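One chain, chain A, appears in both complexes that follow, with chain B as partner in the first and chain C in the second.
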Partner chain A sequence: MATITVREALRDAMAEEMRRDDSVFLMGEEVAEYEGAYKVSQGLLAEFGPKRVVDTPITEAGFAGVGVGAGFMGLRPIVEFMTFNFAMQAIDQIINSAAKTRYMSGGTVGCPIVFRGPNGAASRVAAQHSQDYSSWYAHVPGLIVVAPHTAADAKGLLKSAIRSPNPVMFLENEILYGRSFDVPDDDYVIPLGVANTVRPGEDVTVVSFSRGIEYSLEAAEQLASDDISAEVIDLRTLRPLDIDAIVESVSRTNRLVTVEEGWPTAGIGSEVAAQVMDRAFDSLDAPVKRVSGADVPMPYAANLEKLTLPRVETIVEAVKAVCYR
Partner chain B sequence: MANTKSKPKLATAPAEATASAEELHKYYREMLLVRRFEEKAGQMYGMGLIGGFCHLYIGQEAVVIGVEQAINNEDPVITSYRCHAHAIARGVDPRKVFAELTGRGAGISKGKGGSMHMFSPEHGFWGGHGIVGAQVPLGTGIAFALKYRESDRACMTYFGDGAANQGQVHEAYNMAALWKLPVVYIIENNQYAMGTAVKRASAEIDFFKHGEGFGIPGIQCDGMDVLATRDAAREAVSFVRAGNGPILIEMKTYRYRGHSMSDPAKYRTKEEVQEVRRSQDPIEQVKGRLIDGGHADEAALKDVDREVRAAINEAAEFAQNAPEPDVAELFTDILADAEDA
Partner chain C sequence: MPIQVLMPALSPTMTEGTLAKWLKAEGDAIEPGDIIAEVETDKATMEVEAIDEGVLGQILIAEGTEAVPINTPIAVVLAEGEDASAADTVSAPAAAPAPNGGAAAVEPEPAPAPAASPPTPAPAPSASAPPAPSRDGQRIFASPLARKMAEQAGIDLAALNGSGPHGRIVKRDIEAAVAGGGAAVPAAPAEARAPDIAPTPVTPTAPYTEVANSGMRKVIAKRLLEAKQTIPHFYLTVECEVDELLRVRKDLNARSDAYKISVNDFVVRALALALRKVPAANASWTEAATLQYNTVDISVAVAVDGGLVTPVVRNADNKGLVQISEEMKDFAERAREGKLMPEEYQGGGFSVSNLGMYGISDFAAVINPPQAGILAVGAGEQRPVVKDGALAVATMMSCTLSGDHRVIDGAVGAELLGAFKGLIEDPLTMLL
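Then we have the complex of A and B:
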C-alpha cells in the first residue's frame, strides 16, 4: 500500500495500460510537452514518445472526432479535455459519433475510447469554467460514465475504462487531484458499474460521488455525534447506475439523501430518487431528499460561490429532515 | 500534376484521359447500378416503403465510381448521410442497402440506422454520418489510425460543399496537415447546400483552395466525368501514399433530385437541371465514349441496363419481403460486452 495523490493515480493507470497495450494513446491540449494543464500526464511523453502522447491544437470538436475515428479503427484513444467545460465544443462527436455508432451500425462499428478530464466546480473561476456535467452524459445510452473520488478508485476505474470496448466518460475533479489516498501496490482493476459503501450505517443512506463523497463523509461524522448513523455509498459509476446497491442499503435504512455538485433539475439525485421510488417505495419511511448545487450559473464572489455548492451543514439538515429529527 | 508544394493549384484530368473498352464497360455498369438503385429508392419512398430522410445520389455517380477505381477495400471510406452509393460502390450487397432503407432486420445496420447510417467495416466503409461535417474529423481520425499503425493506405473522406464551411472541417484540415495524415478530402460540390447555392454560403467558392492556409494542396476536377474523377483520385492517392500528408479534391458535380425526398428544389430552375442532364450526365458521357469508340452499340448497352434493372428489382423485392427486426433487437448493440473487447 502506497499513499499517492489522485493526480498520480491517474497517471499511473494510463502508464500501466500504455505499457500493456500499444494501441492505447493519449491526446489532448498540453498533454505532452507541458505534461498536462493539471500535470496529470507527468512523465508520459518521456516514457512513450510523441507518437503515443499527442499534443493537439485547441480544437475540441476536431480532436474529439479524430479520437473517435481512431477508435473505430480499433485504437484505444484516451482523449483529455483540459476541463469538461471545453468538451461542450465536442459534445456532438461524443454523443452522435462515439455513443450512437454501435447502435446505428447494428453492432458492426464500436468505439473503445476514454474521454477524461476535470469536471465539476473548480475554485473561483466563475460560470463558464465551473460546471458539473455528470447528468448530461449519464443521460446518454451508449456511454459509460465514471466519476471517482479516491486515488485507488481513480486508478482501478481508469484502467477498466481504458480496457472497455465502449466509450467511457471519465469525470475527474480538479480539487481532488491533490488529495492523497492509500492505493494498493499490485496491478488491479475496479469493475465499471459497481458502487462502493464507503461508510456503513443504519439510519439513513447518503448516495453521492466524486467530491460529493468528501462532504458526505464529513456530514456523516457530524451526524454520528448526534447519534444518527449514516451509510455513505460512493456511486463511482453513474451509468450504468448500481441501483441494486442503493436499493439494498435503503431496504435497511429506509431513508435516502442524495448529494451532488450539479444542478438539481434532472440531476443524478433526481434519477436515483425516481429509481428508488420505483424499486423500493415500500422501504421508504420518508420522502427522498436531494442536496445539490444551487440552480444558478456559478458566481465568482467567494461568498456566493460557497453558497452555490453543497455544504456539510445542508447535508446534515437534509439527513435530519428525512430522519424526522 | 498534384502540386506537392504548399500552394494549391487548379488541376483537371488531362485531355488525353483514356480508358480501355473493358474499363468503360465497368464504369458504365457501376454508375448505372448506383443510378437504378437510387431511382428505385425514390420510387419506394414515394410508395411509403422507406421512411424518414432519404438523400439520393442521382447525378453524382461519377464521383464515387471514379474514386473507387483508385483505391481498394483496404483504403477506408467515410461519408455523410448521402451514403447509399458509397456503400454500393464499396461492394455492399444492394439487397442489404435496400433492406436498411425499408427498416428490415436484413439491412446492413439491422434496420437500426436507416438511409443515413450504413456501415460495413469488412468493405472498408465507415459510414454514413448524419451530422453535416462530423465525418471529416472522423475520417481524419481513421487516417490517424492508419499512420499510427504504419499502414500505407489512405482514408477517403467525402463531404459536400455545405459541410465544407463547418468549423470542425477546418479543424480537421489543420490537424491532418500538422501531422501529415494520409487522408484525401473529397468535396462533392453539387452546387447547393440543401437549398443554398454555394455563392450564397461560401466566401471562397473554389473549394479546392480551402486547404491553402494549411498548406494542403488541392485539385479541382469535373465531377461529372468519371475519367476525370478517377485520374484526380489516383493522383491524390499517390500523393498521400508517398507520405506527403493530406490533399483535397473538389469534384464539381450536380444532383438532379432535391436535397432529400422532401425537397421540391424550388431554389433552381427546371431548365438548369435539364441542361446539366442533357450536356453533362456522367452515364451518358461514358455511353458516348463506348459507342463513339466502337466498343458497344445501343442494343448491347440496353442489355446491360436490363440486367442492372433486374438485379435492382430483385434486391428491392427482397427488401420489401424481408421481416422487420426482431423486437429483441431494440435493446442490443448499445454497449459491447467487455469480453468482446
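Then we have the complex of A and C:
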C-alpha cells in the first residue's frame, strides 16, 4: 500500500493501461511537452513518445472530434480537457457523436473513448471556469459518468474507463489532485457503476461524490459528537447510478441527504431523490434533503464563493433537519 | 366578512353526511355554541355547533340533502351590520348541491341556480385511492415510514401526536407508541382485499319499492362483507342451564325498584369475567402481531330502526350488574334516537349479540372487525334434558361463539365458553 496523490494515481492508471494496450493514447492541450496543465501526464511523453502522447491546438471541438473518430476506428483515445469548462466547445462531439453512434449505427460502431479533466469549482476562477458538469453528462444516454474522490478510486476507475467499450466522462477535481490517499500496490480495477460506503452509519444516509465526500465525511464526524450516526456513500459513478446501494442504505437509516457542488435544479441529488422516492417511499421518515451549490453563477469574491458551495455546516444542518433534531 | 360554515367531520371515518335538519333559519342571530343544524353520519345524528357570532345569512345546503362531502360550505354567517348581499361574495363551490328555495330570496340578483331544479348530488369521493388518515376531519401528517410501521404494529395514527415539523408523525413516535404499549389501539381494519369477483348485477324480476341505503346500512354492508371475506370464522356452541340464573335475577330484582337487571346484563358480565380469565380471546389480529387487550370492553349489538349499533360497555369486568344494566339501558335508548356519540360505539374488544327476546333458539353471528369474537345468545327455553340418567326439564340457553381462527384456536374458544358457562350456571360465582 503506497500513499500517492490523486494526480499521480491518474497518471499511473494511464501509464499502466498504455503499457497493457497499444491502442490507448492520450491527446489534449499541453499533455505532452508540458506534462499536463495540472501535471497529470508527468513522464508519459518520455515513456510512450509523441505518437501516443499528443499535444493538440487550442481547439476543443477539433481534437474531441478527432478523438471520437479514432474511437470509431478502433483506437482507445484518452482526451484530456484542460478543464471541463472548455469542453462546452466540444459538447456536440461528446453527445451527438460519441454518445449516440452505437445506438444510431445499430450497434455496429462503438466509441471506446475517455474524456477526462478537472470539473467543477477550483478556487476563485469565477463563473465561467467553476462549473460542475456532473448532471449535464449524467443526463445523456450513451455516456458513462465517473467522478471519483480518492486516489485509489481514481486509479481503479480510470483503468476501467479506458477498458470500457463505451464513452466515459471522467470528471476529476482540481482541489483533489493534490490530496494523498493509500493506493493498493497490486494491479486492480474498480467496476463502473458501483458505489462505495465510505463510512457506515445508522441514522441518516449522506450520498455524495468527488469533493462532496470531503465535506460529507467531516460533517459525519461532527454529527457523531451530536450522537447522530451518518452513513456516507460515495457514488463514484453518476451514470449508471448505483441506486440499489442507496436504497439498501436508506432502508436502514430511513433518511437521506444528498451533497453536490453543482446547481440544485435537475441535479444529481434531484435524480437520487426521485429514484429513492420511487423505490423506497415506505422507508422514508423524512423528505429527502439536497445540499448543493447555490443557484447562482459562481461569484469571484472568495467569501461569496465559499458561501456558494456546500459546506460542512450546511450538511450538518440538513442532516439535523431530516433527523428532526 | 361573511364566514362560511363548512360541513363538519363528526367522526374520524366520516367522509360525507346527510344534512338532516336546520335548527336556525336565515336571518336568525347565532351565538358561538348554538346548535344550528343536525347532521346524520354513518351511525348517528350529530349536532353542529356555531363557532362564530353573527346572523345566519344564507343556507347553502338544503335540509335533507344526502351525501354532502365534509368541508363543503353549508351556510354563510354574516357579521353584525353586514348586509345579506355580502353573502354573494362567498360563492358556493360548483360541486355543492344547488341551494334550494330560500337562497333566492336573499340574493338581490336572480339566483343562478334555478330553485326548482332538484339538488345536484355532490360527486362521491373517488374510490380508487384509500383516504388519507384523518383526525377530526384534519388530515394526519405522517412520514411514509411511520405510516407503514403503524400499519404493521396495528397502531391508529389518530391516537398519536407527531413530534416532527407541523405535528408530522415520524418513526420515533411510532417506536415510542410501540414501546409504551398503552398507546396502541386497534387499527382500523385494513382495506378489505376484495377477491376479484365481480358482484352479480341485481336485475329484479318482480315489482319492488326502492329503499335508499342509509349511511348506517352502507357501513354495515361494508364491514360485514369484509368480515365474512377476510376473517376465517369458526363456531362453537355451548348449552347453558339458566334456571339458577333466572332465580337469582328474580330475587335481585325483587329487592329494589331502583334497577331491573336483564338476562343480557348477566351475559355481559359473565362474558367479561370469562374474557379476563382467557385473555387470549380478548384480542385482535394484525399482520405484525396479535394485540391482546389490557381492558375488557364489550360491544353489545343494539337493534335500531334501519340497522344496528354496538355501544361499548368499557371495563365490563370491573362493573357490577346494576352498573352494566344502567349503561345498557341508557345506550339502548339513545341508540334508538340516533344520539350515541362516536366514542360510545367505536372500539370494543369482543361483541355480544342477543336475539333471545325474539325467540331465536340459537344462531351464529358475524364477527365485528377488528375484533376476534362475538357471542350469539339465544332464548332461554324449557327443554328436556338428561340429568343423572333420568329425563328432566331445564331452562336452557344456547350460546354460539364465532371466533377468528387467526387469533382464537378451538381449545381457546372452548376454554372461554367453559368459563362463561360456569359463571352463567352458577351466577353467585360472578361475585368472586
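What we mean here is this: the second predicted complex is superposed on the first by the 325 of 325 C-alpha atoms of A that agree within 3 Å, B and C clash if a C-alpha of one lies under 4 Å from a C-alpha of the other, contacts with A are read in each partner's own complex, and residues count from 1 in each chain.
To be clear about the criterion, a residue touches a chain if its C-beta (ideal position, glycine included) is under 8 Å from a C-beta of that chain, and two chains touch if they have at least 3 such contacts.
Computed from a prediction, not measured in an experiment: that's the story for all the values here.
Asker: When the two structures are laid over each other on chain A, do chain B and chain C clash or fit?
Answerer: fit
Asker: Between chain B (first) and chain C (second), which does A:Asp285 come into contact with in this model arrangement: first, second, both, or neither?
Answerer: Second partner only, chain C.
Asker: Considering only touches as defined above, state whether A:Gly36 meets chain B (first), chain C (second), both or neither.
Answerer: neither
Asker: Check the residue A:Ala61 against both partner chains and state whether it touches chain B (first), chain C (second), both, or neither.
Answerer: Only chain B is touched by A:Ala61; chain C is not.
Asker: Hey, is it chain B or chain C that touches more of chain A?
Answerer: Tallying touched residues of chain A, the top partner is B.
Asker: Using C-alpha centres only, what angle sits at chain A with arms pointing to chain B and chain C? Round to the nearest 10 degrees.
Answerer: 110
Asker: Looking at the superposed set of three chains, what is the minimum CA distance between chain B and chain C in Å?
Answerer: 31
Asker: So which bits of chain A does chain B touch that chain C touches too?
Answerer: none
Asker: Residues of chain A touching chain B in their complex?
Answerer: 25, 51, 56-57, 59, 61-75, 92-93, 96-97, 101-110, 112, 141-142, 144, 163-166
Asker: Under the stated contact criterion, what part of chain C meets chain A in this complex?
Answerer: Contact set of chain C toward chain A: 143-148, 163-165, 170-172.
Asker: Name, in rising order, each residue of chain B that touches chain A in their complex.
Answerer: 76, 78, 107-113, 117, 119-121, 126-131, 134, 136-146, 148, 167-168, 171-172, 174-175, 178, 332-338, 340-341
Asker: Taking the touch rule as given, give the residues of chain A at its contact with chain C in the complex, in rising order.
Answerer: It is residues 254, 281-286, 324 of chain A that touch chain C.
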